[in-house]
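See structure below.
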Amino acid sequence: MQPGLYHILFISGALFFTGVYGFLTRRNLITMLMSIELILNSVNLNFVAFNKYVWPGKMDGLFFTLFIIAIAAAEAAVAIAIIINLYRSHKSIDVENAEDLKY
Amino acid sequence: MPGTLLIALIPLLPLAGFIIAGLFGRKYLGRSAGYLGTALMLASALLAIYTAYSYFTAPNGGEYPKIKVLDLTWLQFSDHLSINMGILLDPISVMMIVVVTLISLMVHIYSLAYLKGEERFPTYYAYLGLFTFSMLGLVLASNIFQTYIFWELVGVSSFLLIGYYYDRPSAVAACKKAFIVTRFADLGFLIGILILSNASGTLDFDTMISTLTSPETGAAQKSVAASFLGFSALTWGAALVFIGGAGKSAMFPLHIWLPDAMEGPTPVSALIHAATMVVAGVYLVARLFPVFAVCTPGVLEMVGWVGAISAIIAAIIACTQTDIKRVLAYSTMSQIGYMMFALGVSKYGGEAGLGYTASMFHLFTHAMFKALLFLGAGAVIHYVHSNDMKDMGGLRKQLPVTHLTFLIACLAIAGVPPLAGFFSKEEILLAAHHHNMAIYWIALLTSGLTAFYMFRLYFSIFWSKPYQPHGEHHHHGSVLMTGPLVLLGIGAAFAGLIPFGHFVSSDRIPLASHFDLSFSVLPVALGLLGILAAMWVYARQSDRADKIAAAMGGLYKSAYRKFYIDEVYQFVTKKILFNIVGRTAAWFDRTIVDGAVNMTGTATQKIAAGIKKIQSGKVQQYAVYFLTGMILLAVLFIYLLK
Amino acid sequence: MLNDFIILMKSELAVTVIIFLLLFIKIGKGMKNETLLSFIQVLLLINFIGTFFFNESGNLFGDMFYTTPLIAFQKSILSLGVYIISLVCADWLKKTPHLPEYFILMLSALLGMFFLISSGNLLIFFLALELSTIPVAAMANFDLDKKRSSEGAMKMILSSAFSSGILLFGISLLYGATGTISFPAITEQLNHSPLVILAFVFIFTSFAFKLSIVPFHFWTADVYEGSPVATTAFLSVISKGAVSFILITTLYRVFSPLQDIWYIMLIALSIATMLIGNLFAMRQQNMKRFLAFSSIAQVGFILAGMSSFSYIGITSVVYFILIYLFSNLAAFGVVSVIADKTGKENIDDYKGLYKTNPFLSWILALALFSLAGIPPTAGFFGKLFLLTSAGSKASYWYIIVAALNMIISLYYYLRVIRAVFMDKNEQPVEKLTLSPSVKLGLILCGIGIVVVGLLSWLFDHIQVLAMHQ
Amino acid sequence: MNLLLLIGAPLLTAIAVLTCRNKEQVKWVSLTGSFIQLGLSVALYFLFQQEKALHPGDQFLFNQEHKLFEAININLHFGVDGLGVAMIMLTSLVLVAGVLVSWNVEKMTKEFYFLLLLLALGAYGFFISLDLFILFFFLEISVIPKYLLIGIWGSGKKEYSANKLALMLMGGSALILVGILGLYFTSGHSFDIMVLALNNVPTQAQYIIFPLLFAGFGVFTALFPLHTWVPDGHSSAPTAGSMFLAGISMKLGGYGCLRVATYLLPEGAKEYANIIIVLSVIAILYGAFATMMQKDLKYINAYSSVSHVGFSLLGIGMLTQTAITGAMMQMVSHGLMTALFFAVIGMIYDRTHTRMVNEMGGLMKVMPFITTVFFLVGLCSLGLPGLSGFVAEMTVFVGSWENGDAFHRIATIAATASIVVTAVYILRAIGNTAMGPIKNEAHLQLKDATWNERLAAILLLGGILAIGIVPGWLNDLLQPAAHEIMNRLSGK
């Protein structure tokens, strides 16, 4: 059968929550970054799906997806840079070792 | 009549004395401040006498007029209520200014010698000036609030003068006591004023009296006036005003300050606490007499009884005291009691008003002989450097003039004819006899006691044991001291011969002075009895006094301890007011009110410390909060607030 | 078309030009930091002055980009802020090895904000938001050798990435619901369907994250404390300003149909924000952290001002941001001077400061009073106007709560004042000599704090701009 | 007369002070400045009389209005009525005295005088402004100078007191702010007192707003139970500081209660009058009794201030013209009296270095001038005729008695009862310090007042006597103001 809007939305939703779950639970910074990528990708799926099923004709959703991918890359780049720096100073990329700033 | 200015000068001259001596005395004037004050006082006394002469001799249609010489608005409260500064001349005020200025003059002169070499000599004269000014303002007042103002001023000047030896703790205590007790009474006076002014719609004496006493308005007033505890507002007003008077005049039970007030220099006691200020209460009642007599006879009844009780109690206590000034103080109280009940038993107008005349008459004569007694006592103390009878005795050689004048005064107060006291006391007794027998008997008893304790005093000062000098140098008073004694002595001797009723009466219509020999046998006999008793006990040294005291037992002791009234006051003020009320208030403020404020502060900090944990430093936890917040909002707006 | 392009986007172009200049300078590295810094300061000053000219309203790229005099004014506020930062943080900037990069990052963030506030379309809005966030994360890490700095940066980038994920999800839902991404079109499509509301909540929360509204504020304090003072100042003033500008325009223009919803949201969140911000600020020791929480509390007041759906609301918010800029930058300026001259950042180190550095103390005092909203400083007017505009809708209770919060805030501002003026200290901060640019910056701020409040015409001017957009 | 002069003079003086080079200059500059202000205020009095004679109808004279923040309709609207004039005179007098008594402040002299002048500036502005927003602005200005004065130059647990004062006053002004905003929104989006008076505030709103405003200003004027900043604040402040706090700041509150709360919200005033009466009677007696227990002279005066200010609140609560006039008089009188009281306490403290009554005694021997002033001010505070306290209190009492019902009567009687308690604690204080034997031999070497202290004392005494001996002028000044308020209350 033909996958409909809701299938895709379901998948994207699942992806979103997977991402959120990963972000909340993983201890490794890189993994957390990856789970953010999951979130973004779920958003991409959303856009594409909406564009295809609900609002065909205009290409807004697709464009948006492209830009999101680009931005995600940029974000990742900076994030990685920062994480590397963190590794230099903390000798670890475990989020639990970077909790001096509190209260 | 002398012009307004001249009359106004009577009080203003002493004021000028006060201001000059007060501002420049210490630095520039020094001793001359005293002479200046005396000179001004002399001028004012002459003016007063002149005024009195011209007032009483001025032609009048059988009734002495009430002349409002001056009436300046001082403070306008509302359309009809205003404090006016005025001068009201009527028989009693004229009589009073004469008394006040004369006695004050005597005291001024006397003090020149008595306080020679005092460091604060100018200050003393400044205070005297202030007092005289205030007293004159009081007696001349045309407005009840003006009376109150000067009432307070005499209070404070008496406070200053009692506390003149400010480095003696006893003096400090005494002046505080005097001020506070009278202040307490003044509270009554103030509320009384408020009530009366509210009832009569004015503060002016004349208008007030006429409104309240005139049948229609007065009756209307009484009917509408709110009543409280079953008495009409008017009754309360009059009673409260009388309480004010009782406080100043040291009536029982507000008399406790008077004996202690003797801490002041003796001339001051003579002026303030014998002749003038303490009779202000009597004067006040006399001033409002129509109101008392017509509107609130019940209160007048009370006045009578308070007077009588004070008279007898004071007399009893006086018999037991050994400090000569205290004896005199109690006798003063007792004599003022006479004046009070004389007013109390009087009615308004005509023959029935005899008590009023008698009271004023007694006020007049009493001023003379009591001032004389005090000044005499002053001379004695000056000589002996002690207030206690035990250190005295046999002084008649050393102080002949004092001795003589003192004797005159004692006879006068004991009511031995033909001296001043005799006449006034006769009239009082007569009035009492007409209207209230109970009071009459009390009065008789009192007069007997009076004679006894006065002569106890006299004998134990000038006779009993031969005088053995001890202590340091003695200085005989100069002529400055003996002069006033002599003058007052003359006054005490002959003041009684004045046909007083002719001048002063409740309705200002001259009153024929009637004098009935048969009636006065009893009092005089009693007086003589008292004197003889005193002579038998005290004329020469013996242990009779102690025997009697022992025989009296409890009565003597309690009288000696002034019937423990001071202790009661001590208990009420110290224990109840200070410890219970005051401490509670202070504690409440510190712990409850202030505590509440501080607690809010600490509570906030506690909360702040409590919630610090949520800023844990864990990124993921932050994300959790983020999500929860978001979900809450979503739920709130999607499901709850549809 | 092209002329419009040049005219309407002039401020963006200017910033871009500066960025490229810096890039070239970086490549052909020859200048010493001092000269370079003063050069940059001059450029920024010119940029700031430039924002006042040729301000026309219009839009480009099919409503993707639009500008109005009000937006131009907001841009000039932001560029003024950047200029002042470059002045007051001069001492630290001179010492950084990578001065040009720092400014390139800062200016690209500024560029992002410019686009942000004149964005007319969700796409460009999203791009601008990212452009204004990511560089700041890098800036936060600029104390390369400090552990705290990198930790702060990490927290920032992760949480902002997370929030932008949420934002995007919201946008996608909104797109799904309305089928368009241009603001005017969205406004027409909006209704109270759950999907829209959900989308709105998602989008709003990411705004809330940027504005550090409770409970989305947790990153703020850590990042502020960790990052170098210049970055903290930028974050706390410039990005807050930009975000509140765009938030108010989005709420008023795009989401106006949902006004009933976001009104309640703003009120509730503003109370929470004030309270939490104040309660946390009460017990801070580190000055930067202290200022972080205090600025959170300030946001609470900004929300109060926004909650009134009126021109006064816009006006008072813009006006307040201007005042807040001066006050906060003054405070941060003093903090940064002391921080990198002596390395002291704790309130206790400030004890007895007045004895040694009266000038700094007075500036700090002015700033704090202005933040506390005490006359004669401008902060008084700013806060009062915010409350006034809030009062047009809100109940007495809300105003009372807000006012009571002013008491708590006064308490902790007075803590610092007390340390500076009253407390004794054996070794206070020694006498510091300020470089001219820092002095200039602080004096500018001081003047701003005192004068802006009394310049009533400024307020009225903003009002006029707000009405004519 | 241009009222802006009253703001300009202190402002210029303050700026001049900042530019001074050494302590001496600072002192003299601020002294001249404050004397100029005194001259201005006296001139204002006479010009006001003239003007009043010309336009007897107008309520506020010397009106002037300048546009400010048109967007929210805030204007600089200035103008004074009798009350304002009286208050301005009081302020300038206290300022001069304050400058004089703090002549030998060594620590940060410049800042001290600067803050002092700032306080004065706030007070003047407050008393002349007819726009609630501006009024509030000036009210708030004075908070920080107070805080710094106490915190820096104070004594004892100064930080605590300074904090408490600042925060409580801030709380007060928070309530005021809410009230003002309430007024703004309930009646025609205006802050202007006269406009607000014209378009009446709806009654329901009055019931809400009045308590806010009254409590807010009540904090400033030490309305029971919001008075607790008073004892600590006054006792920790430096002499001039306490003089200002008690002499003027508390009056700001009273003025606000009258001009803003009662004048603008007559219905609210009627609604809550009885509560005000009860509170003020409590304050009067309770303050008096609490005073009896105090040992520290400053605490004595602080608590007695609570008690005395109670009279003016009582007068307000009684809602009769005489009583309100009395309340105003009491403000003026208490301002002078308490300022002088603190000045004297300061003088004594500077010499004996103690404020504990039981550690002194017989000071009259060594410092006759100071103790004489002490006597006089004490007598004034226990309401002796011839001094200002008597006039004010009597006016309040007579005015209160005009209400016939039992409640008001009893309240009045309770209030009058305090004159006895006052006598007790005042005499206790005087008796223990000035009279009696000298307790501490070291006190024998003490010097009497210096020229500046004498001048300060004489100026304030002059004011007290001027009111006490010829109260007519003050009465005529204040009656019309009270009359206006009565018109509002009687709905005219």
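All chains are identified by letter, namely A, B, C and D, in their written order; residue positions are counted from 1 within each chain.
In this text, contacts are C-beta pairs under 8 Å (C-beta built on N, C-alpha and C of every residue); 3 or more make two chains touch, one makes a residue touch a chain.
Just so it is clear, the model here is predicted, and its values are computed rather than measured.
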Chain closest to the middle [Cα centroid of all protein chains]: D
Farthest chain from chain D, comparing Cα centres? A
Have a look at B-C versus B-D and report the one with more C-beta pairs in contact. B-D
Return the distance between the CA-based centres of chain B and chain D, expressed in whole Å. 36
Between chain C and chain B, distance of the C-alpha-averaged centres to the nearest whole Å: 78
When the C-alpha atoms of chain A and chain B are each averaged to a single point, how far apart are the two points in Å? 98
Chain A-chain C separation of Cα centroids, rounded to whole Å: 27
Two or more partner chains touched - positions in chain A: 23, 32, 95, 99-102
Multi-chain touching residues of chain C, meaning two or more other chains, are 154-155, 158, 162, 166, 221-222, 411
For chain D, which residues are shared contacts with two or more other chains? 167
Pairwise, which chains touch? A-B, A-C, B-C, B-D, C-D
In their shared complex, chain B is touched by residues of chain C numbered 154-155, 158-159, 162-163, 166, 194, 197-198, 201-202, 204-205, 208-209, 214-216, 218-219, 221-222, 261, 264-265, 276, 279-280, 282-283, 408, 411
What does chain D use to touch chain C in their complex? 67-72, 74, 133, 137-138, 140-141, 143-144, 147-148, 151-152, 158-159, 162-163, 166-167, 170-171, 174-175, 177-178, 181-182, 184-185, 208, 212
Would you tell me which residues of chain A are touching chain B in their complex? 20, 23-25, 32, 95-96, 99-103
Would you tell me which residues of chain A are touching chain C in their complex? 16, 19, 23, 29, 32-33, 36, 39-40, 42-43, 46-47, 50-51, 54-55, 58, 60-61, 63-64, 67-68, 71, 74-75, 78-79, 81-83, 85-86, 88-90, 95, 98-102
Of all residues in chain B, which touch chain C in the complex? 601, 604-605, 607-609, 611-612, 614-615, 617, 619, 621-623, 625-626, 628-630, 633-634, 637-638, 641
